[in-house]
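Consider the two complexes below, in which subunit A is the common component and subunit B and subunit C are the respective partners.
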Partner chain A sequence: MSSDTKTSRLGRVTKNDHLEYWFALPAILILLALVIVPMLWSLYVSFTNLNLTVSGRAVEIIWFENYANLLTDRRFWDSVLKTAYYVGVGVTVQFIIGFAVALIMANYTDGWLNSLLFTVLLLPMMMAPIVAGLMWRLVFDESFGPLNHLLGAVGLPEPSWLSSAELALDAILIADIWQWTPFMILILYTGRLAINEDLYEAAKMDGASKLFTFRHVTVPQMKGVIAVALLLRSMDAFKFFDKMYVMTQGGPGTASELATYYNYILGFNEFAMGKATAMSWLLLLFAVVLANLFLLILERGEGGDRVV
Partner chain B sequence: MKDNRVSRRRVLKATAAGALSAGVAGCTDFAGGGGEELTIPDDPDGAVEGMELTHAMDEGHNTNPFDWFNDEIQEQTGVSVETIQGFPPSEVYNSLNTEFTTGDTGFDLCSFYPQYLGEFANNGHIVPLDDMMEIDGWDPAFDDLLAPYRNMYTQWGGNTYALPIDGDVLMLVYRKDLFEQHNKEVPTTWSEFNEVARYFTEETNDIDYGVATFGARSYAYGWFLTRFGGAGGIYFDEDMNPQIDTEAGRMALESWAETLEYADPNSASYGYAGLRDAFLNERAAMIIQFTDVPKKAAASDTVSDAWGGAPVPGFDGMDPASSMPVGRVLGVSNYVENDRKLAAYRYAQAISGPTFSANMVSDPDCGLDPYRTSQFDNPAIYTEPNEFRDGQPDSSIAFSSMEQAEEYANAVGATLEQGYPIPYWPGAQNYIQALTIEMSRFVSDQQGVDQTLTNVQDEWNSIVDELGRESQLEAYENVIDAWQNAGLWPS
Partner chain C sequence: MSTATLRDRVAAFADDPVTVRGALHRIGITAFVSTLLVVTLFPLYWTINTSFKPADETVTAIPTFFPENFTIEGYVNVLLTSGAIDNVINSIVVSVGATAIAILIGVPAGYAYARNPGKIGGKNVAFWILSLRMFPPIAPILPLFFIFRQLGLIDTYVAMVLLYLTFNIPLVVWLMRSFFQDVPEAVEEAALMDGYSRFQAFYKVTLPLVTPGIVATTLLVWVFSWNEFQFALVFTRTAARTFPPLIPTLVGGHETLWNQVAALSTIAMLPVIAISLLMQRRLIRGLTLGAVKG
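Moving on, here comes the complex of A and B:
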């Protein structure tokens, strides 16, 4: 084969105006097969009465009946509200603590102390969530747990952390805050280091107070980083499952049952696949709407600049 | 000149069509529906010789017998369990059903709770065992089975689908030493039970609480059904209308609510282990628990000589009832090759049989409970070591004296006579799930008596409608026949 022939073939191929689509084709195929088709399939299933525990029944399209049943289901709304509480309180607390620690580390500590702090603070994040859940279940154990032992030793009440309908979800929240606040610290610390120190110098020369500098230099400069950190943690918290599963399995009763766990029960305990997929779509819808609202609020709060 | 360019639309159309057809082809078969029909070869013993099985079951101490007896069973039958595929006890249904619905199981033999029997059998997931039971030397010794296991928890649609390995029923376990010390009689009614609970919680410092109760979602329904059955409750009427929001349901919950006033406050999170340990660690003077707990008590450092066992109480002037949640049976997957089905049955038949099961139910290092007549007729088995464990350790002896062994056998036997069967027809899991979550909410004080009864009633009605009222009624009537044959349901 002559080099001229090779060149002419290559030339024909590269002259193709839509060559980029051929290059993208494998990725498109994989995306379709692994994401788009299953999603479309699940959308179809959500309009059916498919239940894998009932043999011999024809699968019928019931359109929006599964959605209607869920939207009038007390347990569904209960789990969604608990998820909202979990995401709202959990991420907010993680952000406040994380931001404070990140600023302290950026402004007041350095060198070996920062290295030590990072090592210690990152340890929880390196732990598998299941292991963290098991560990915290022991910590909160009402009879033998070290927490109640310490509380009792100083004369404080010893709450039934995981047996109380009022405390169970908060106990899981504490475990999650412990594990994921370091993530906030890491992201926000690097965001703070990326700010040009000249801005702080200028603010100092103009006689700006620390609070004023924080509000008008630090926060605006870190807006993008803050948005990414909050979004990542919110999305992660929204699909939270593992620690709740090992610590309470949604109990006592349904006191700590988040939407993901109820969805799991519908799919893999009741095998009501139509209803379970409908719930997945509703949760996806909620997540998309909330994420966009969140970004919109952040953008409007700072004069309409895009934050991500 | 021919234009060789491919339009964007054509690329996307071809891609979408290919992916869609691949996806649809992979997704159209929703449920298993059963494998090939079993055939019995001329030499079944030869066919199973050397077979190594995978057994799926809840992990924990109940996997021990499959280790203790494996070599001996292999020697006797040629079959052994090579791998145990374990999962958490609360995930038995999810794990098995997920594999079953794919129509291709990774296990040959599986252990499950009888409440799933009707569904697994009806959906063709497990093999009818009747033909294999007729093979010479493969008899499962059903004559020796107690009626509930012979007529109820192994049968569906006129066929035998499972062999028992565990005979769970709820019984009363109490601190005999404290009862004697405080001149308290063993309660025979729920009002006496609550009074004793109040006394030990409020009037003595010898123990933290008079009682602890099960509150976790897994099996809280069993603790309700024990009182509900004792109050004369039935599940459905002749039109498949739920009968939970009735006088019987109210009696059961009001009595339970009074118990909770004096109960260990951690009860709401107590599952099997938590409740057992509340007794073994001397937090509670009495508990209603599964029948393996006396064996655990006798083996403990704390209450080994201080426990007593008795049937659960009843309501004044009414027959008491003990619900029969959990229990375990062995079934054979319908999605494995013919010879593996035979081998799985052969192994199940051996381990469920009188010889191995006597050593199994009397060994406190597992939680399996008696289910054969011979295990009650001869309480001495509970004072002897497990002959199949290496070195026959003392830890395999359940009770140190015949007196304790007889008390145990008598209490469990009497409890089984007042057994209250749990639903096990196709769809039963849905009713049990709804019931147990509402009961767990009740125990954790998230709702009161009225709300709990209303919720269960509404949810059960929805489930009946969802699964089909007529088919559910037919299935329910079938199991009532079996319950009546076992002598556990009013005619």
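Moving on, here comes the complex of A and C:
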């Protein structure tokens, strides 16, 4: 089912028409005008000392000074390390819980119960991250929130979730795990259902243990789905901004400040456009690596079975 | 039933390992399902609970798990007194506008990339379009803020719709490409043999076949536009401000009216919940950018 054979087949009937050009042109032009041209301009700005608070100063090209400043900026590295922690721990926890729940759903619960779970699990991931953040801001509140009230009632310590430097980032992480573990569950569940049951029958006939079946049937069969789930979540987690904004605004101090938020501060609090655009390009490079990995997997799966 | 028979039954039950295992099994599943439901639904329930309390009941030292003085004043006050109804209307205008234009422009492009990618830059351009969806928003926001400020477009509907096209069009093109690929070309070839033009074959034959795909794509793109926060935060002030950037401003300040914030959040959730209930499994394909076909 490669696209080359497609071209030749329809091409034979249609010869020289330009339908594809007219169909694709508006989309490409809009994306060029709204994304590519501005991004090229942003690349240029990242080599200058443009600062919106300093008016009247001639904009000078300072080449890699913004990049050098960033790489020696403690706050930059702090925000990057926190992002790595946040993406790494968050996606790992989401995956482990998600995989376990997906397999339990596929093996132990049936028909209507799974429909109910499927519907309920869609709710967190479909709602606005800013709303999800607000919900957890209410749950975590230290003076009137239900969580500390319940913890206190059973004699557990009542931590100051959002106002302590040690816990703020983890509190946001918990909110994010709540919102996105369902995504992992539903994708992995869908992927597990796509496995041919004959494989499990065969394993059973051979007297394979459950662990053996998991390692040699389930995991290899779901490789593609697992990779897609991990990459999509990583790319999304990397863009993370909304929840932090409503829950802690990066605080206390900079304790929960992730890279996207520091980048926002550079641009819209300090108006240091040169440094801000430089940072956004560094973030972009990382995002492009993740995106290419995703596309690679997508391309390899294309035209194959329906799992990926 | 007499106590003796009950005791007999319990004894027989305990002696039978199969039944015991069955009971444990059922207890395990019940525990699993209830934990999952409680953890998933508790924050939603808490927000809805808060939204129906009077303001002073939202900050009591001992939180009430049901509104003691049930009231809709949170809703009335946030929409009318605080004027959030304007922001909700702005959200509707911007999200519907951006979705409609993205569908209008993206569906034909998706078709083109499904049928003859070779004519228009091939797979690489298709992948390039998709990768725009994965940019961290701050990257395009910085230069676009500068450009839109020069053009006097800050805080306008036009700016917001244009901005949302930057991530909506890539999503529509990519998803529709995947849906069009599911339609066999033989269908169109037959139409061409019958004397249809290529546009007629697309419009009258293929398009009706992908209607479910268009519906799923439209709803998903609309949800993303409705939920969008970061662009709205930077590019709107008052006139075009949508509801998401309003939420943190309501939370700021020294005295937060939590029932109002919770009410606005509940209103914001309603259409999204409706779409989730309606679409269910059909959303999976869109949420995974076509990688997993639910």
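The rule we apply is simple: the second predicted complex is superposed on the first by the 257 of 308 C-alpha atoms of A that agree within 3 Å, B and C clash if a C-alpha of one lies under 4 Å from a C-alpha of the other, contacts with A are read in each partner's own complex, and residues count from 1 in each chain.
Going forward, a residue touches a chain if its C-beta (ideal position, glycine included) is under 8 Å from a C-beta of that chain, and two chains touch if they have at least 3 such contacts.
None of these values were measured; they are calculated from a predicted model.
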{"item": "First (subunit B), second (subunit C), both or neither touched by A:Ala255", "value": "first"}
{"item": "Which of subunit B and subunit C A:Pro38 touches, first, second, both or neither", "value": "both"}
{"item": "First (subunit B), second (subunit C), both or neither touched by A:Val91", "value": "neither"}
{"item": "Which partner reaches more residues of subunit A (counting touched residues only), subunit B or subunit C", "value": "C"}
{"item": "Subunit B versus subunit C as contact partner of A:Glu142, first or second or both or neither", "value": "first"}
{"item": "Which superposed partner A:Asn51 touches (first subunit B, second subunit C, both, neither)", "value": "first"}
{"item": "Touched partner set for A:Phe268, first subunit B, second subunit C, both or neither", "value": "both"}
{"item": "A:Met244 touches, of subunit B and subunit C: first, second, both or neither?", "value": "neither"}
{"item": "First, second, both or neither for A:Tyr21, with subunit B first and subunit C second", "value": "both"}
{"item": "First, second, both or neither for A:Phe118, with subunit B first and subunit C second", "value": "second"}
{"item": "Overlapping contact positions on subunit A, where the subunit C interface meets the subunit B interface", "value": "17, 21-22, 28, 38, 41, 143, 249, 268"}
{"item": "List of subunit B residues in touch with subunit A within their complex", "value": "4-8, 11-12, 15-16, 18-20, 22-24, 27, 30-31, 33, 90, 93-94, 97-98, 101, 119, 122-124, 215-218, 265-270, 277-278, 281, 283, 426-427, 429-430, 433, 437-438, 440-447, 466-468"}
{"item": "Complex interface listing, subunit A residues touching subunit B", "value": "12, 16-18, 21-22, 25, 28-29, 32-33, 36-38, 40-41, 50-55, 57, 59, 142-143, 160, 162-165, 168, 248-255, 265, 268-272"}
{"item": "Parts of subunit C lying in touch with subunit A, wherever the complex brings them together", "value": "25, 28-29, 32-33, 36-37, 39-44, 46-47, 50, 58-63, 65, 105-106, 108-109, 111-113, 115-120, 122-123, 125, 127, 129-132, 134-147, 162-163, 165-166, 169-170, 173, 185, 188-189, 192-193, 198-199, 202, 223, 226-227, 229-230, 233-234, 244-245, 247-248, 251, 258, 261-262, 265, 268-269, 272-273, 275-277, 280-281, 283-284, 287-294"}
{"item": "Contact set on subunit A toward subunit C in their complex", "value": "3-4, 6-7, 9-11, 13-14, 17, 19-24, 26-28, 30-31, 34-35, 38-39, 41-42, 45, 101, 104, 108-109, 113, 115, 117-132, 134-139, 143-146, 149, 178, 182-183, 186-187, 190-191, 225, 228-229, 232, 235, 238-239, 241-242, 245-246, 249, 260, 263-264, 267-268, 273, 276-277, 280-281, 283-284, 287-288, 290-292, 294-295, 297-299, 301, 306-308"}
